[in-house]
Structures are given as C-alpha cells and as structure tokens.
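Shared chain: chain A. Partners: chain B in the first complex, chain C in the second.
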Partner chain A sequence: MWDLDPFKEIERMRRQMDELFSRLPFYERTSYQFPLVNLYDDKDDLLLTAEIPGLLKEDVNIQYNDGALTISGKRKAGAYGTSELLRQEQPEGNFEKRVRIPVKIRDNEIRAKFEDGILKVTLPKAEEAKPRQITIES
Partner chain B sequence: MAELSKREQIPVESASAEQLISPENAFSPDVNIYDNREALIFSMDMPGVRKGDVTVEVDENNVLTVRAKSSFSEPEGKVLIHEFDAGNYYRAFTLSNEFNKDTVSGKLENGVLEVIVPRREDVKPKKIQINA
Partner chain C sequence: MPRKGSVLKGLLLSFLTVKRFKRHFSGMHFAVFFYTSSIDAGFCACVANKQEVYMNLPDFPRKKRSRELVPFSSEWFDQPWSNAVDFFERPFQAVMRPLREIWRGVSPKVDVTENEREVQVRAEVPGMRDKDLNISYSQGILTIEGEKKEEEEQKKGNMTVRESRYGTFRRDIPLGENLRWENAKASCKNGVLTVILPKKEEAVKKEARKIKID
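Moving on to the complex of A and B:
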C-alpha cells in the first residue's frame, strides 16, 4: 500500500538537506571579518596568514586552545590633532577572530611572525596527524 | 575638497613593476581621509607591501595616484581557508588646486601608507594676533 503523507515527505526532504549541509567541511564556514585569514595545509605544518594592517606586534594577541586559534586586538583610528574624518573605510576598534584548526597540533611549538601588516602563524602537526607513507607489501 | 574615486577590487593577473600597476590589475586599498586644516591625510591599508615598493605621484591634472607592489606570495600547501588574495594596490584621487602638490609626503608603516597633502600657504587658515 502506497502511503503518501505530505508532511512526512517534507520532513524527509528537510533531513536530506541537513545531512547534505553537515557533510560540508567546517572550514568552509568562515566569517570574512577583520582580520581576513588564509589557512594552508603543508604536510608537516599548518600555516595561517592574516592581514592585520596598522597594528604593532605587541598589540596583536594570539591564543591557541581547544582546537582553535584566536587572534584578537584593537585597531585604533589615526590621530591627527583636531582633524575631521572625511572618509572611513579602514576597520577600527576591537576585533577577535577564532579559526578552528582541523588537525591535532603540537601547541607548545606554535611560531608566529608579523611583518608589513601580515601575520604568519606556523602550527606544527602532531605525529599522528602527519601524512604517512604506506608501503605496499608484495 | 578632494573628489574621490573608488575602484572595483580586481585581483592581480600579472604585474612586474609598480609602473604596470593599474586599476585593472590591482586591489583598491581601504582608505581613511582626515582633514586637519593644514593638510589632507590619506591613510591606506596595504598589508604585504614593504618600504620602497610604493610610488605616490601627483600629475599635472592634480590626480594623486598611489601604486604599491605586494611582497606576499601564496604559501605552499593545500588551501583550507581562503579569505584574501595576494596582490598589488592602486588608488587615485583628484585633488582641488587648494593643495600644494610639490610638498606631498608619504610614509609606510605596518602595512599602512600615510600620504600627507598640505594646503597651499595662501589658503591655510591664519591665526590673527589680537593686540591689547
């Protein structure tokens, strides 16, 4: 007996959609908020780059915990005496960006460099997260 | 007052020298413009640009043009997150003739370019001494 319940049908479709979306890797959901970041997977390390113009390295705070890297700080607007701001496009104020790191890393060996407004963070992978060459036995 | 033109953001195809950087092959940097009566101050975000890789010029039509070459290149490896592209920067502004184009100065620090365009002496506000 064929039983077509429209509500059941909608529910089935909704589940299918949910399933489809849950299969997307989490890293495709990023926020495009200041600072913009890129993340690369290069065999033994992950490399994160971020565009943070206008800050000194002392004013950028980087933390790793719970499988995520958090970059935070405060960008102050320029001060030119008593000036009028005619146009504002540069982001300003407090920022915090959390980036999930998809593999296990050696969190005590994270290194960071900040040059010309670009932050580079190297996150060495834990042994078990590194790619392994498998030899085929004859 | 400066007349501003914002260009579309277009990623770089190829540009080997600053002279080749044009609106078609470069990013338009975010700008803040301040007016402190003495001068206009342009502050532009140019992450990845090193000192010496920027040209600032004002031509005979009072167009202030900024071109900058980025030193950032895509690292090796598989891309997991990609929110920004590496590229050069180009932006142009038309100045009114109340500014002195011969005394324009620029400074690049932490990926931010600051260009100072002073007003001509004869249009600057003058302090008038009040005699008792």
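Moving on to the complex of A and C:
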C-alpha cells in the first residue's frame, strides 16, 4: 500500500473526474488549465480561441481526434538566462489541453491562426450539424 | 518585532501592543484592530510594527522609508497608513482587487527577473497590442493598466466554453526606488509585454568591501 505515490494518485483521480465531467452534456466547462480557451458557436463554424502568450507558431501542436481538439506544446524553461527570478507566476514546462467539440465538424477543413499570443482555430461544422431553417406551412 | 508574523504571533503581538499602549488608543482604534484581525491576523503584526503612527496622534506623520528591491512585498508592510479611511480601505482593496481579477481571468501573470544591471518584468498580455496597454510608474511602483478586448468576429457566436475573460485590469508591481525609471524600455511581442528597468549606478556597485582590522 505504501509504495503508492499519493500525489500521483490524487492527480490521476482528478483527471478521471475531469474526464467524467467532460462527458456530461450539460457540463461543457473544462478545467481552467493553461491555455485558457473560449469556444464560440456560430452558424456555420465553431471558433476556438486559446491564450498562449510568449510561444511561437512552431512550439504549438494542434490535433483533432475523436471529437476533441488537443492543444499541446512546451513553455520554455530557463528563458531568462542568467537572470535571477524574483517572482514567477507563469509556469513552465509541457502543457496539454483537450477540448471536447460538441458538434460534428469537417475535420479536413480546420484552419488555425496564431497572432499576438492568441491561437484561433476555425472548425467548420458538418452539414448535418448546421442549423436548418424550417418554414411553416400554412 | 517581526515583519511578517505567523497568524498566532500576529494575534499575540497585537494583543500585547493594545494592552501596553491602551491609553493611546480610542474606541475606534480597537474597532479597527478587530476589523483587521478578522481579515488576516498577519496584518496585526504589521499594525503592531507601525505603533509609532498611532502614538503620535492626531497628525499621523508619514515616515519615509527606503524601499529595497523587494518586488511584491505587499503594500501594507512598507507604508504606514496615512489616515483612518486608508486604514480601512487598503487591506480590503488589496485583498479584493486581485481576487476579483483572478476570478475574471483578466489580470496578467507577471514574472520578474533581475541581473546585475537591470530588472526585467514580463507580463502575459495575450491579444493585446501597444495601444491597449498603459504603463506608468510612481514612487517605485510600476503600474500596468490595460483592456483586454473581445474581437468582433468572436462576438457573433454563442459561447459554449468560457475560460478567458475580457475587461480592464490594473497591476501594481513595487520594484523599489533605486532604478533608473526614466530609462525604462518596454516592448510587446507575441502577447508578452517586457519592461526593462536599468539599475542605478550605486545599486550596481553593491559588492561587499573588506575592512581591515588594525
């Protein structure tokens, strides 16, 4: 029993809970992990914005798989050279964030743009997911 | 007296100070004491530390202190309160403002680094450009103000996931007086604001000197 790492266990449990909650349809919220994400639902497409300040285009990796978009990358450690850190609020190291996409999308037409530290991913909706106007017959 | 006491130490100290200087305190001061101790007993240690302010009533002398390069040592510890209103408001604001902004997710995260020549401040300001930011300084405190705006193309859709927030923010970063503030340089790139503040000459040559024993 004692060879379990309690912190690892707690972390694993938390992940499982997050995963569980993210499956619930009314619980669309993800955990507030880096990077912070907004998802906008427009008529024809979805727009996902993520705040990734200080990173370059090459350092960010985006994947769409199985109804979820994964943003991953590495925030550079030791970018400050020989300077001494007096205060650090920005964590460093690897990050990965999975955002569930609630509707079907055309996954070969996803476009991404990275500007001023904001990543914008446009996800066009599949035909069957688009809202349809229904006319009322008299 | 300790600068920042533990909770218990703070309570004990404030209690002892009140007891010792009872005749210098009015009812209001007691109220103030208990008000602060209810927020954080840590403040009490600092009230105890600042007893000279209350001893010299009613003119509240402002003692000037030389500030060393201690970023983010909280304001309450470094400056005596100038009046009773300040005394009430400052701890409250100091606690509430950051909380509010963290909750809103607007306030930028700040890293401060230092080498022998300069101090660098890096703030995460994703999506903001030069014109959205306002940087100023006064009395050794760097202030970053700005507005995080939501773009038009984002506004048209409904939001399904909402983590990043928009609005105005303000951050005060105490850095001390011994910097050449007038030579400060700032740049904004890839959503990171960098402010570089060169140190004053006398602060650079601060190495220890040996003293001979005769």
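Throughout what follows, the second predicted complex is superposed on the first by the 105 of 138 C-alpha atoms of A that agree within 3 Å, B and C clash if a C-alpha of one lies under 4 Å from a C-alpha of the other, contacts with A are read in each partner's own complex, and residues count from 1 in each chain.
One rule holds for everything that comes next: a contact is a pair of C-beta atoms (placed from the backbone, for glycine too) under 8 Å apart; a residue touches a chain by one contact, two chains touch by 3 or more.
For clarity, every value in this text was computed on a predicted model and none was experimentally measured.
When the two complexes are overlaid on chain A, chain B and chain C occupy overlapping space and clash.
Once the two complexes are overlaid on the shared chain, A:Gly117 sits against chain B and chain C alike.
Look at A:Glu89: by the touch rule set out above, it reaches both chain B and chain C. By the document's definition of touching, both partners, chain B and chain C, reach A:Glu51.
Within the superposed three-chain model, A:Tyr80 lies in touch with chain B and with chain C [touch as defined at top].
After overlaying the two complexes on the shared chain, residue contacts for A:Gln16 are found with neither chain B nor chain C.
In the superposition on chain A, the residues of chain A contacted by chain B and by chain C overlap at 30, 32, 36-43, 46-47, 49, 51-56, 80-90, 99, 102, 116-118.
Of all residues in chain A, only 28-30, 32, 36-43, 46-47, 49, 51-56, 80-90, 99, 102, 116-118 touch chain C in the complex they form. The residues of chain A lying in touch with chain B in their complex are 27, 30, 32, 36-43, 46-47, 49, 51-56, 77-78, 80-91, 99, 102, 116-118. Listing the residues of chain B that touch chain A in their complex gives 1-2, 4, 30-37, 40-41, 43, 45-50, 71-72, 75-84, 110-112, 114.
If you check the complex, the residues on chain C that touch chain A are 69, 71-72, 105, 109-115, 119-120, 122, 124-129, 153-154, 156-164, 190-192.
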